Amino acid sequence: MFAHNKRLQYTLRVNETNPGLANLMLEQFGGPQGELAAACRYFTQAIAEDDPGRKDMLFDIATEELSHLEVIGTMVAMLNKGAKGRLAEGTDSEAEAYRRITGAGNDSHLTQVLYGGGPALVNSAGVPWTAAYIDSIGEPTADLRSNIAAEARAKIVYERLINLTDDPGVKEALGFLMTREIAHQKSFEKALYAIEPNFPPGKLPGMPEFASVYFDMSKGGDVRGPWNQGPLWEFVEVPEDQIAVDGGDGEASVQLSAEEEAAVAAMATRTASDPLGDPQTGAELGMSGAAGSDELNAQPKKGS
Amino acid sequence: MFAHNKRLQYTLRVNETNPGLANLMLEQFGGPQGELAAACRYFTQAIAEDDPGRKDMLFDIATEELSHLEVIGTMVAMLNKGAKGRLAEGTDSEAEAYRRITGAGNDSHLTQVLYGGGPALVNSAGVPWTAAYIDSIGEPTADLRSNIAAEARAKIVYERLINLTDDPGVKEALGFLMTREIAHQKSFEKALYAIEPNFPPGKLPGMPEFASVYFDMSKGGDVRGPWNQGPLWEFVEVPEDQIAVDGGDGEASVQLSAEEEAAVAAMATRTASDPLGDPQTGAELGMSGAAGSDELNAQPKKGS
Amino acid sequence: MFAHNKRLQYTLRVNETNPGLANLMLEQFGGPQGELAAACRYFTQAIAEDDPGRKDMLFDIATEELSHLEVIGTMVAMLNKGAKGRLAEGTDSEAEAYRRITGAGNDSHLTQVLYGGGPALVNSAGVPWTAAYIDSIGEPTADLRSNIAAEARAKIVYERLINLTDDPGVKEALGFLMTREIAHQKSFEKALYAIEPNFPPGKLPGMPEFASVYFDMSKGGDVRGPWNQGPLWEFVEVPEDQIAVDGGDGEASVQLSAEEEAAVAAMATRTASDPLGDPQTGAELGMSGAAGSDELNAQPKKGS
Amino acid sequence: MFAHNKRLQYTLRVNETNPGLANLMLEQFGGPQGELAAACRYFTQAIAEDDPGRKDMLFDIATEELSHLEVIGTMVAMLNKGAKGRLAEGTDSEAEAYRRITGAGNDSHLTQVLYGGGPALVNSAGVPWTAAYIDSIGEPTADLRSNIAAEARAKIVYERLINLTDDPGVKEALGFLMTREIAHQKSFEKALYAIEPNFPPGKLPGMPEFASVYFDMSKGGDVRGPWNQGPLWEFVEVPEDQIAVDGGDGEASVQLSAEEEAAVAAMATRTASDPLGDPQTGAELGMSGAAGSDELNAQPKKGS
Amino acid sequence: MFAHNKRLQYTLRVNETNPGLANLMLEQFGGPQGELAAACRYFTQAIAEDDPGRKDMLFDIATEELSHLEVIGTMVAMLNKGAKGRLAEGTDSEAEAYRRITGAGNDSHLTQVLYGGGPALVNSAGVPWTAAYIDSIGEPTADLRSNIAAEARAKIVYERLINLTDDPGVKEALGFLMTREIAHQKSFEKALYAIEPNFPPGKLPGMPEFASVYFDMSKGGDVRGPWNQGPLWEFVEVPEDQIAVDGGDGEASVQLSAEEEAAVAAMATRTASDPLGDPQTGAELGMSGAAGSDELNAQPKKGS
Amino acid sequence: MFAHNKRLQYTLRVNETNPGLANLMLEQFGGPQGELAAACRYFTQAIAEDDPGRKDMLFDIATEELSHLEVIGTMVAMLNKGAKGRLAEGTDSEAEAYRRITGAGNDSHLTQVLYGGGPALVNSAGVPWTAAYIDSIGEPTADLRSNIAAEARAKIVYERLINLTDDPGVKEALGFLMTREIAHQKSFEKALYAIEPNFPPGKLPGMPEFASVYFDMSKGGDVRGPWNQGPLWEFVEVPEDQIAVDGGDGEASVQLSAEEEAAVAAMATRTASDPLGDPQTGAELGMSGAAGSDELNAQPKKGS
């Protein structure tokens, strides 16, 4: 069960309102790398987890991410506070209001017109948050790696936001939030390596003949490195050796019942293409008076 | 530039058609952990990458994932081949067709009615693939961690699918695809650690006073482990010490201009709630004849 | 800031595992009327709210909804516990596993294959939760009405779920959650009517000549009632009186600059349709040997 | 069945073209509170409704909303008319065209490049309309409340748009559309209260012991009001009294079969975390030469 | 402006309720090829269209598609009528209700639990309708081709639905709706060819040297046909001739300012990968005790 | 199977970086008419296709579209190259960075903050690509028409982008990509007409009595043309003749079992509306002190 205290985890002093900056901050409120995604990710994993240590850790961090969601959302609300009042009360002239709302140079118009300047669960382009952002699959050796990566991404987005503001109070709070992503990443790393073995993830082993092969499928500008050279790797360079690597013919087949054979054949007959003719087409009808393909695209069109 | 050869990377022998199984396989064709997501993830990173070694690796693996997309898609097509012909040509009686399409017990009805049994870019529940599944952000120390996690997840989903079929040809091809995820994960691990340092990701350092703190925010069933104990960690247990950790008052504030103050005040006045009265509400209007709150929910309703 | 306690708001005793029932319960975990939607709705409103009473109430209820999210999610986890272990460890034979996963008769296959039986933020059809479900717009006289409606909808979905299970522990916990929606609706009603006036919502008055008009635009089966009869209403029945109600000509116009006129005219000329001819079309090319429109659709097609 | 007349419900005189304003207007064409959402909401309810009076009302209002969709869409077309011609015919120089399309300061570039200046079913940020906006659930005591709330929201968005334009023809038409939302809200209110009782919605009564309880879950800045004080309410303040309110232990449990127990235990063993060790992690590998956690985040990184 | 008459365009006699069939019919109510998509497609085009003939046609057909939406939605409501009452009133025992709702073998459970059996704007898998289905772009020579294709697709989906039911009333109404798609396709074909020329669409001519080239990029199983042979086509077979077809080097370049050069170089240095080393990785940490890559995947894991 | 070569299909020389232009180009990278949509469309059709000629053609063109995706994505990367370095390395002052990122006047802020300037699979408004854009349904006489239309749309979007840039290298590459859409459209036209007959699409014939009828459902501004006049068409003008065209009563009915009848009747009773009363409503409660409906909307509100 959750409880709430109205004091924030980090005190927030914003210098002046700025709807354009508020809009950028939405990236970490309702964006894919933001705090709602983090909180939901760990909370749902915590519920499903049976290992008591991981369950505790996941609830601890989920609860902190909810508290971060509150900090970043409150920052959006502070930065939008002036815009909210002026829009709701219509205190600007219409022309001023229009200039103000379209002049910020990013999507803050959406935030103001549709959401009234409140912290909406959208990213900085106004795209609603979706659980498609969450990639938990219920296997800890995979989910912990996903969490590590998610913290790394969130750290970077905070870093970019810090580079975009010179309001010291905003900068400091963003710095705190960014730092916590580092701490969380460290916890998830420890939790992953506390499972032994954790690689390969899951239970089934791979097929040994393919687990250390590197297929050089992109030619030109080839560069070797530890990811495809050394004793760990078999490097397969010749294109022909990359096809049908099982030694078969590379074809696909399925056994059909007689009834299925007949239905497939009927469809094939009905939709057969005639490779021999040269049928007149709608495109040819559409080039009025065009004598041949060469002239088709070169000739000026009516109205040009 | 891409080139294509119609032989598959792995030969595919399917024992018999099975639209229900085809539908489950869509998970790795158009699902969040599937091959389109993998191919798009590495291909877009490759285009943006400037490091020649990583660029080469990303194009190599992206190209292989496209080839896997073809294998899994072809598997769907083989498993659906009978259903496709029978539906298109109407060779079943209507009653048979209805029983067949609703009897498979999962979402294969959608695949057949809407997509004609072809391999559609949807997951096994029919949800269209979305680029919201891709979490690349353009910083290699984050993106490589995301790739490692993505391979781990894909490996697990293949493992689950393998556990669901006893068609040997399907099982073997799935085993190959699963194994390649292991190999790719190893390459991405090598590429990540070939960047030094790679932690914390990005450029800005964290605030040292918060980078090794663990906030114990979920109480009951606490379990300590390497993720929150030992010399690396400062463990903060007391709730009061988790609030306003900067030492401030935990409040949020923003400086408003006089004009903004006035607009905010006007809105506050207009929408002020009166905490003293006990206004009659729509809900009370809606409980006809209800004498008081206690009886409200207990009394039988008309029509019950 | 949030804090968490691992005991639930309501004790949960589930009789036996049932992935099909678990899947139905997802409706209130990751569905549009579910607890995540409720928690996010009130939490984002609370952050933006300046009225101290409403802010407190919104945080109180948001926190409770998060606690309900935990109850319903835990219920999903309990009902899926058997499926999760068997799938992850591959303890069934493949044929058994396939039958089990496709035999539940709803979308539980998705939940198991993709999410490993964990409580995923999807509805019972596997559609990921989206913030498009949240309709807060930052004006309390509108948002409180939205909250009242949301509680009413959530109450109904719980009622339907209660009708679908005879597990007494599940039934009782659902009953608790349903009841709390009733209590919350009552709080929001009180909060709405504590704002005076609250109708019409917002600040601008309507145009008096149109605010009490009812346009009878659907003919046949007309039934009058308090929504369109009595002294409150002007009932406009004649279709001609429903068009161009401002008394104008019902046309749309815009003043164009000379340059714009020219561009519009050029486009009109280029794309003008010739209403007089009877051009041969692609469709006609496509009906091989068809003599006329009457026979077109009646004749048997090749392959039938 | 529907019929159409090309005259609008309200005459539209637009002063001059303005793609930026056109883009804002899309909010009520293809946005969540817009006219398509309204029309679809009432039309689908009307089809399912069996009560003749409500069915008639829902069809009447759905038909009017379609007519409003036409008015607002035509407004978008008028405001975009110049942009459409110039873009399609390429009458600007490229540099002029680029400046014009990126200079409007909101998302009108999308509208022009992708939709050619036509009224697209997207909101003002370019997000495609989705039926996830519609919250009908097929129970009139809930759906009518949803309709009341939807009209309130639409009224507010129109109010905001009115505050953003000083074109008198646009302003007047928006005023008409806003006023009609007020009238519709009144109809839906009457229809709701013509059902007796209508609260609580649906059929099942709540559990009396929880229907009038208010849980004070957010601490700090508490304010009492009619939503949680007075004879109607039991106010529960002590955190411990908010947990496991059924009097149980607040735990969740499920009875597993022997086979399920075994599978769960196998998974637990395989993925058990070792709480005692302090495993080296990938993060530690990634801080090259870092001696300890304190220095980790403080030290300058290569390249800075 | 629209008007409505409660009689349908086609009389509907349904033999018996069938929620499973109702669910399949949603494909043409809220699915991508369904009637809402059709109505919205033509209605938005009609509003933007300036050619009086096409505008009239588009409004005519949009209005008819709305009337079809009503027919198919009413069919869903009739087929669900029994389910709706039983669910809302709870007249089944819980066990019966559960069996009934999960036994239909497709997604009708979602339709019933979430939407109460009403016709929801979702497809047969429960995916909400999205305006992403509509591909209008505001150029008639493209949009009319899109309309022709859309009618062809809708015709096919109706054909599949007809093959799935033996209820004569349902079959007949579906036959009517299918036939109207044929008629609409014919109108759109006529309208396209009434524009001369209409190919290539739009105004700019293509580059003559590339407009009739066919690149044979997929090898194996090559088949020639009118789409790539004959005097119209230049067939380019050699892979090397398909790269950098402009005669350049196939490289991409951009001129950077000095400041940009410096920033790009700094990022390259910071994130440079070391191609020479063989760094230990997290994966290696994760295979406890594994001596080398060969044994890695073959060895049994703990717990298996 | 796919192979890749790092040289592009068309050499790319970009004059200078321009994040605003990069953002517009995303329309053809991750937008609905872009190259990913094209590649996925043809690739999935190719996999399902059994006709060897069409299968070959679809793989050829799918492979080329992937190569175009690379060209347009590389163009985005080049145009963003400066922005990427400066943002990642923080080389601007914060104020400069903020001005730069919000001053471009379109959504490039999203691209930079969230995706780090890489080519993301979003459109120019930041909306993630979705497979809902792909309309393949598995019947060649429909899918080829969809392909023809898709090529026409893509051609137009390229034409618009060409009109927006005066960078000669960008213009030339866009010209090449645009031209290839023309060539592809021609191939698909030939392939469609190589199937005889191909109209109406699919197998079932229409009902002859409705296949050539044109319903004149939109009145005012009627214009006749080949789409509704001439010997091909029966023109139905009178509204009454457009209703219940089967000659029935236009009603919908379903036969209910006795049990269903009872449940429907119970629900009707419970939710019956009383058409006679004039119940007080929440709206009336909400207009404090309002004496009647006339004064309701005209009176000034508190706070205005």
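As written, the chain order gives the labels A, B, C, D, E and F, with residue 1 at the start of each chain.
Assume contacts are C-beta pairs under 8 Å (C-beta built on N, C-alpha and C of every residue); 3 or more make two chains touch, one makes a residue touch a chain.
Bear in mind that the values here come from a model prediction, so they are computed numbers and not experimental data.
K.L.:
If you check the contacts of subunit C and subunit E, which chains show up for both?
P.N.:
Where subunit C and subunit E share a partner, that partner set is A, B, D, F.
K.L.:
Once you find the CA centre of subunit A and the CA centre of subunit E, what distance in Å lies between them?
P.N.:
Their C-alpha centroids are separated by 21 Å.
K.L.:
Round to the nearest whole Å and give the separation of the Cα centres of subunit C and subunit D.
P.N.:
9
K.L.:
How far is the middle of subunit D from the middle of subunit E, if each middle is the mean of its Cα atoms, in Å?
P.N.:
Taking the average C-alpha coordinate of subunit D and of subunit E, the gap between them is 24 Å.
K.L.:
Residues of subunit A that contact two or more other chains, please.
P.N.:
1-9, 32-33, 53, 55-56, 59-60, 62-63, 67, 74, 77, 84, 88-90, 104-105, 107, 114, 116, 122, 125-128, 130, 132, 137, 139, 141, 148, 156-157, 159, 179, 182, 185-186, 190-194, 196, 199-200, 202-204, 206-207, 211-212, 217-218, 221, 223-226, 232, 239, 242-243, 250, 264, 266-267, 270-271, 273-275, 277-285, 293, 297, 301-304
K.L.:
Among line, ring, star, complete and other, which best matches the way these chains touch?
P.N.:
Looks like everything touches everything, fully connected.
K.L.:
If you look only at subunit B, which of its residues touch subunit F in the complex?
P.N.:
Against subunit F, subunit B makes touches at 1-9, 30, 36, 40, 43-45, 47-48, 56, 59-60, 62-63, 66-67, 69-70, 73-74, 76-77, 84, 88-90, 114-122, 128-132, 134, 136-139, 202-204, 266-267, 269-271, 279-282, 285, 301-304.
K.L.:
Inside the complex, what are the residues of subunit C that reach subunit E?
P.N.:
20-21, 24, 27, 31-33, 89, 104-107, 123-127, 156-157, 159-161, 163-166, 171, 217-221, 239, 242-243, 250, 264, 267-268, 270-275, 277-284, 293, 297
K.L.:
What part of subunit A is in contact with subunit B in the complex they form?
P.N.:
Those in contact with subunit B are residues 5, 7-17, 32-33, 52-53, 55-57, 59-64, 67, 74-75, 77-79, 81-82, 84-86, 88-89, 91, 130, 132-133, 135, 137, 139, 141-142, 145-146, 148-150, 152-153, 155-157, 159, 162, 172, 175-176, 178-180, 182-183, 185-188, 190-191, 193-194, 199-204, 206-207, 210-218, 221-228, 232, 239, 242-257, 259-260, 262-267, 270.
K.L.:
Would you tell me which residues of subunit F are touching subunit C in their complex?
P.N.:
Those in contact with subunit C are residues 141, 192-193, 196-200, 203, 205-208, 211-212, 223-226, 230-233, 273-279, 282-290, 292-294, 296-304.
K.L.:
Residues of subunit A touching subunit D in their complex?
P.N.:
Its residues touching subunit D are 1-7, 50-51, 53-54, 87-88, 90, 92-95, 97-98, 101-105, 107, 109-110, 112-114, 116, 122, 125-128, 139-141, 148, 179, 182, 185-186, 189-196, 203, 303.
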